[in-house]
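Heads up, the next two complexes both have chain A, just with different partners, chain B and then chain C.
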Partner chain A sequence: MPRPGFVLEVDRSTPPTLFWYGERFRLERLPTGSRVIYAPEPHAPLADPDAAIASALDNPLGDSPPLSGLLRPGMRLTIAFDDVSLPLPPMKSPDVRGQVIEAVLDRAAAAGVDDVVLIAALALHRRMTDAELRHALGPRVYDAFAPHGFLTQHDAEDPDGIVHIGETDQGEDVELNRRAAESDLIVYVNINLVAMDGGHKSVATGLASYNSLRHHHNPATMVHSRSFMDQHRSELHSSNWRMGRLIAASGIKIFQIETTLNTNTFPEQFGFLQKREWEWTMKDRAGFLAASKALQHTPPKVARSIFHSIRAPHAMTSVQAGEVEAVHAVTTENVYAQQMVAVSGQTDILTMGLPYISPYNVNSIMNPILVACLGLGYFFNLYRGKPLVRQGGVVILSHPTPWAFHPVHHPSYIDFFEQVLSQTTDPVAMSTTFEESYARDPWYIHLYRTSNAYHGVHPFYMWYWCAHALDHLGQVIVVGGEPRAVRRLGFKPASTLADALEMASDTVGRDPSITHLHAPPLLLADVT
Partner chain B sequence: MTAQRSLLRTFQRRSFPWAAPTCPTTIEPEPAEGTLGVDYDTSWSRRYPARLARAALLDWVSAPAVRLLAPQRIRGLDRIEMLSGPAIFAPNHVSHFDTVILLTSLPDHVRHRTVVAAGADYFFDKRWKAHLWSLTTAAIPIERTKVNRASADLAASLLAEGWSLIIYPEGGRSPDGWAQPFRGGAAYLSRRTGAPVVPVYLEGTREVLPKNARGLRHAATQVVFGTPISNVTGEDARRFSERIEQAVAELADETATDWWVARRRARAGSTPSLRGPDASPWRRRWELESRIGVPKRRDK
Partner chain C sequence: MKALLFERTIPRYAASRIASTLGGSGKGVKVGPLRLTDNASEPGIPGPDWQRLTVRLSGICGSDLATLDGHSSRYFEDIVSFPFVPGHEIVADNDEGQRVVVEPVLTCAARNVSPPCAPCSAGDTGCCTSLSLGHLAPGLQTGFCADTGGGWGRYLVAHASQVHPVPENFSDEDAVMVEPAACGVHAALAAKLTGGETVALLGAGTLGLVTLAALRRWSSPRTIVVGAKYPIQKEWAAKLGADLVVEPSEVLRAVRRVTGSMVAAPASATVSDSAPGLGPRRASAGSSRRRGAWSPGASASPRRLSGGADLVIDCVGNATSLDTALSVVRPRGKVLLVGMPGPVRIDLAPLWHREVSVAGAYAYGRETALDGSPRTFDLAFELVGEHSLGQLVSARYPLERHAEAVAHAAAAGPRGSVKIVFDPRRRR
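Take a look at the complex of A and B:
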């Protein structure tokens, strides 16, 4: 029986706490009285995933008929699936996307459907490599579709590949991938790693254009999403729901399939990363010492490649299929059941150790903008109710924050860091002054469409993800970060946690409450 | 020198994570995972690398050492030649040295595919002990103080996989040299798996390593294998266990006298009991030493 998550109050007997530090780790002794939030233990995986998938397809939720009832000869079927940003770290084979899509294709074959196209729902993310596609879909699906051109990746900048569906009652443009929009059925295969994923956001964001995305990927929407993990208090979701309902009203049929994973995030040799420190066995301590000592002397590039080769032993805990909203309601409850931790009261200082990976640097470099996005965009938003840290409080991040960028994956990030952040860190100011020029830049568009580059506007979106935190916090400090890069972000660098706590006292006083978010594995704080 | 000092400093650090973590006082520690005692996983000791190491140890270290320290006379090997499958060896038990003597006396093809049932509370209570006995003797943990299904299941599954088993039916070493009543473990496993029981009589090992002794002494030893016996239809484990004890007693008699005398006494139902006379401790001791013909001396 997995143990639920809980909040530890640090006392003199509490061993030092593990902080992620990019591709390394730190053991920090938190002041007595601090709190540490630990994630629930991984839930048991489905005993027979294939049977569960079959059952979900044959017994859909909401008003949807079973998948087989939606398939017929001569129809156009589009299967869209989440891209390389999910799950994190990439899961070991078989990836649930491949498992689910095989089951869908089995039924399509049985129904005599010939016109089937698979689309990686990238939105404005970088194109996946062949190896990444093969891993996500499995070799059988990949080899059956990729050589014939039936495995495609969404291109938000293809003038012929985007179709305007209409406008919501709030004046939001809805534009979608033409192939998907003109299909008789879209089957969307999700991996719902966190509560934010899935629902109408799958199609309305994953298969959309910049012209459509800009309506909810902007500072105003982000500031009013409290948080992204709480659909009912997230303006990001409200916008996507309006778009999703417009899509449904326009006659586009979507059969939504959502899967949840447990929080079994790291393989056995890194088991100490998801255990409570006082329960570390001799093997865990030896593993930690060996890993941390070795990584101290490992060149960053090598360390990065080691970590990015990690395949998570995530296992599927549920699968739901059918009508989008009915499916997503059940999925969200399942995600909450795995990740929710009850936390009483906010804190003055929230500390977080940031790992080597975020949704946007899989097999890539965690550049300073992504460091900010992971800390302030994602980890800060891992709450329901109230933010973990109080209004005007301090967030202390632990990450080396190197001034380093992947030139292929993040070309516009480099210019954004040099040109935009050097002038302003205000999301609203940069959105009005710079966003349009980056979004319409033909060179960035060319790289997005033909290479493996994120869209030109993407670094803005990453910064917008931070907008709620930036609006809420009094100060952000990065422990162990490269000072120049940290200052460029508008944050303060500190050499040690003790220094950071001392610096924070300027904002929150000499006797602040401190809470540490012990993640990953991912958790969601239900703050009351 | 600098490197040495650095290494020394490294090992002198005794705080977490070099040392075991302390538990926050607000946390009730989880009960330790069952990785010792009957829960200790011995499967690694039956994989080829461990078997190879054990074979080398037994054949190249233990056997020559036994020949020097406790030269054994092995009798009755012809009685177990016909064994075509796994068997349960059921010897009397007076010394820790019994296992070494018996293992080094078994035919090669049996020795390298034999596990030893060892008290989980004694041999598997610490990790280093569990590792040591698993590696050197292929020991498996057996619960001695209560019925434990896991112990029985493990032993039965190993017999089914073709491993022979040494199990001491007395459940522990004799405190005074006379046998204790045989328990039903060997009989139960034989009934459950169909593997025959080979009665074995060991003599002289108490002189080599008495209970509570700190060192080994030189003494001659004897290992006598009896004819394999199986459970007969309708016989319960208790009766079968009594028959095993009787078979070992007959081997002891055979060792003290000769085969013909022992056979006649067995037929007449007058085989001396392994358990010794029902008398005061000194008389039991006196009787034991006069019976097995070892010089009278004081144990330290």
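Take a look at the complex of A and C:
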């Protein structure tokens, strides 16, 4: 039986706590009385994933007929799937998307459906590489579709490939991928790594255009999403739900398939990363020491290469299919069951060790904007109820924050960092002054459409993810970050955790409460 | 008299070149041909329209630094005479006690050449063709001529055509900025902008800043992007009217943004299946089908734009700035060289292929682009007065501390300074 999450109170006997530090680690001694929040242990995987998938397709939730009942000869079937941003790290083969899509294709073949197109639901993310597509879909699906042009990637800037569906009652434009919208059925295959994923967000965001996305990817929506992991208190989700219902009302049929994964995040050689420090065995200690020492002398590029080659041993814990909202309700409960940790009370200072990977730098560089987004956009929002850190409190991040960008994946990020952040860190100010020019820039659009670049507007979205935290916090400090890059973000650099705590005392006084978010593996703090 | 004298000694010239090459600009002054002397000959009055001037302040210019570093072009050898007292940015008193600034070009009028050359007849004195003729030793300007003295000495002589009275409300610092401001005015008007252009200005030292101010005063470009290296330069560039101030390495990206251009790159630099975190690799077959002519790999180290700025004004004049200029100028655009270039090695293929015009902008005279063809110096007085450009003078040094002064001027930007001047009246 896996143990639930745990909140440790640090005392004199507590060993040093492991902090992620990009492609390295730090061992930090937290002051006595600090709290450390550990993720629940991984839930048991489904014993027979293929049988579970089959069962979900044949016994759908909500008012949906079984998948086979929706399939007929001569129909247009579009299968959309989550892109490279999920899961993190990329999972060992077979990826659940490939497993589910194989089952869907078996039923389509049995029903005589021969107009089938696969679409990677990129939204404004970068196009996936061939290798990434092959990994996500598995070689059988990839080889059957890619050579014939039936494996496509959503292009939010294709003037002929986007169709306007309508406007919500809040005046939000809903625009979708034309192939998907004009299909007789969309089957959406998702990986629900965190509670924020899935539901109406899958189609309404993943297959949408900038004109559509801007209605919820903006500072006002983000600052009123408290948190992204709590659908009922998230403006981001409210907007997506309005759009999703409009899509359904327009007659577009969606059969949603959602999967959840356990928190088994790292392979055995990195087993110490998902154990509590006082439970480290000799093998774990040796593994940590060997990894730490080796990484200290490893050039950053090589270290990055090593870490990005990690394939997570994630395993599927549930799969459900059918009508979007009914499916997502169950999915969300399954995510909560795996990740939720009860935490009593907020903290003055929240510390976080940020790892080498975020949803937007898979096989890429964690640039400073993504460091901010991972810390303040994602980890800060890993709560339900109240933020882990109190209003006006301090977040201390641990990350080297190099002034480095992947020139192909993140071209507009470079300009955003150089032009926008040098003038303002205010999400509202940058959205009114700069967003449109980046979103409509023909070069960024060209790179997004033809290369492997994130859309020109994407760095703005990364910064907007931070809007709630920026609005809430009194100070952000980065331990071990490159000072110039950290200052450009509007944060303060500190060389050690002790320095950071000293600096934080200006904001929270001399005797603050301290909580460390020990993630990944991912967790969700239910703060009361 | 006391003066800094620049002599023709080949070994010292070579030593300064080596020292500045190894140690950076300004490092050659202690071993180079410049020396302080108390016994320099006071320049004689060459003719009836000449007057003796007592120097108040004299600036250190980029061309002076190039000369002291041994990096100036051999082109100038025939239009310079040795030994000379450097210093051509000058505010001084004449013997009537009138404060004047010197327009240093030694034209046909100063040289008593009659009839004057065609450029001088047209008021285009910066292009005088008589720089080694007449009753003076060769010298393109005061400060490069053995017969006139220069601003880095106590006294010099100037022809009546060279002196401009200084308004009473001008400080000496304002006055010493008039000559460099005139260079900026001439450059801005030589650009012949008609309005609505995108201009990239490379370099925000003294010359870059005054050119920027003049561009804003006498033309109406749509956008001016300035490449500035140091905080004080950035601050002044913003103050004097730049729309966008960026690091020199960011100029290409900034020009791309404001002109809506693409980045050009060789197809071999494209990506796709990335090695984890190791940056771009060649495209895989699957992704190459949609690759366009302007390839994404260009973003790795963008080198050239599809479009670009209508005008690039290079106020630096080295190989890097010229290369940047040719990278960011649009096809059939113009590159204007304002900073004094020396021998450089650059690839001229883009100039040829994109039919780019390259022009120089040197000195001053009369500005025919404006009604009434006003004298450049008159416009420069106006510009200096309007912006109180004397504020750009960051430090004064006595001649005795010339090594320090030159080192300061060579590192003005990093030391938070813009213009460094000598004050020959001071001893310490």
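The working rule: the second predicted complex is superposed on the first by the 528 of 528 C-alpha atoms of A that agree within 3 Å, B and C clash if a C-alpha of one lies under 4 Å from a C-alpha of the other, contacts with A are read in each partner's own complex, and residues count from 1 in each chain.
Quick note on the criterion: contacts are C-beta pairs under 8 Å (C-beta built on N, C-alpha and C of every residue); 3 or more make two chains touch, one makes a residue touch a chain.
If you're wondering where the values come from, they're calculated on a predicted model, not measured in any experiment.
When the two structures are aligned on the shared chain, A:P407 is found in touch with chain C, with no touch to chain B.
In the superposition on chain A, A:N452 contacts chain C only, with no contact to chain B.
Look at A:V10: by the touch rule set out above, it reaches chain B but stays clear of chain C. With both structures placed on the common chain, the touch criterion links A:M282 to chain B but leaves chain C unconnected. In the superposed model, A:D441 makes contact with chain C only, not with chain B.
In the superposition on chain A, A:A498 contacts neither chain B nor chain C. If you count the residues of chain A touched by chain B and by chain C, you find the higher number for C. Shared interface residues of chain A (contacting chain B in one complex, chain C in the other): none.
Residues of chain B touching chain A in their complex: 16-18, 20-27, 29-30.
The touching residues of chain C, when paired with chain A in their complex, are 244, 246-247, 250, 253-254, 256-257, 260-263, 270-280, 284-287, 290-292, 294-297, 299-301. The part of chain A that touches chain B in the complex is made up of residues 8-16, 27, 277-280, 282, 285, 288-289. Within the complex, the chain A residues that touch chain C are 127, 129-132, 146, 301, 304-305, 307-309, 363-365, 406-409, 411, 414-415, 418-419, 437, 441-443, 446-447, 449-453.
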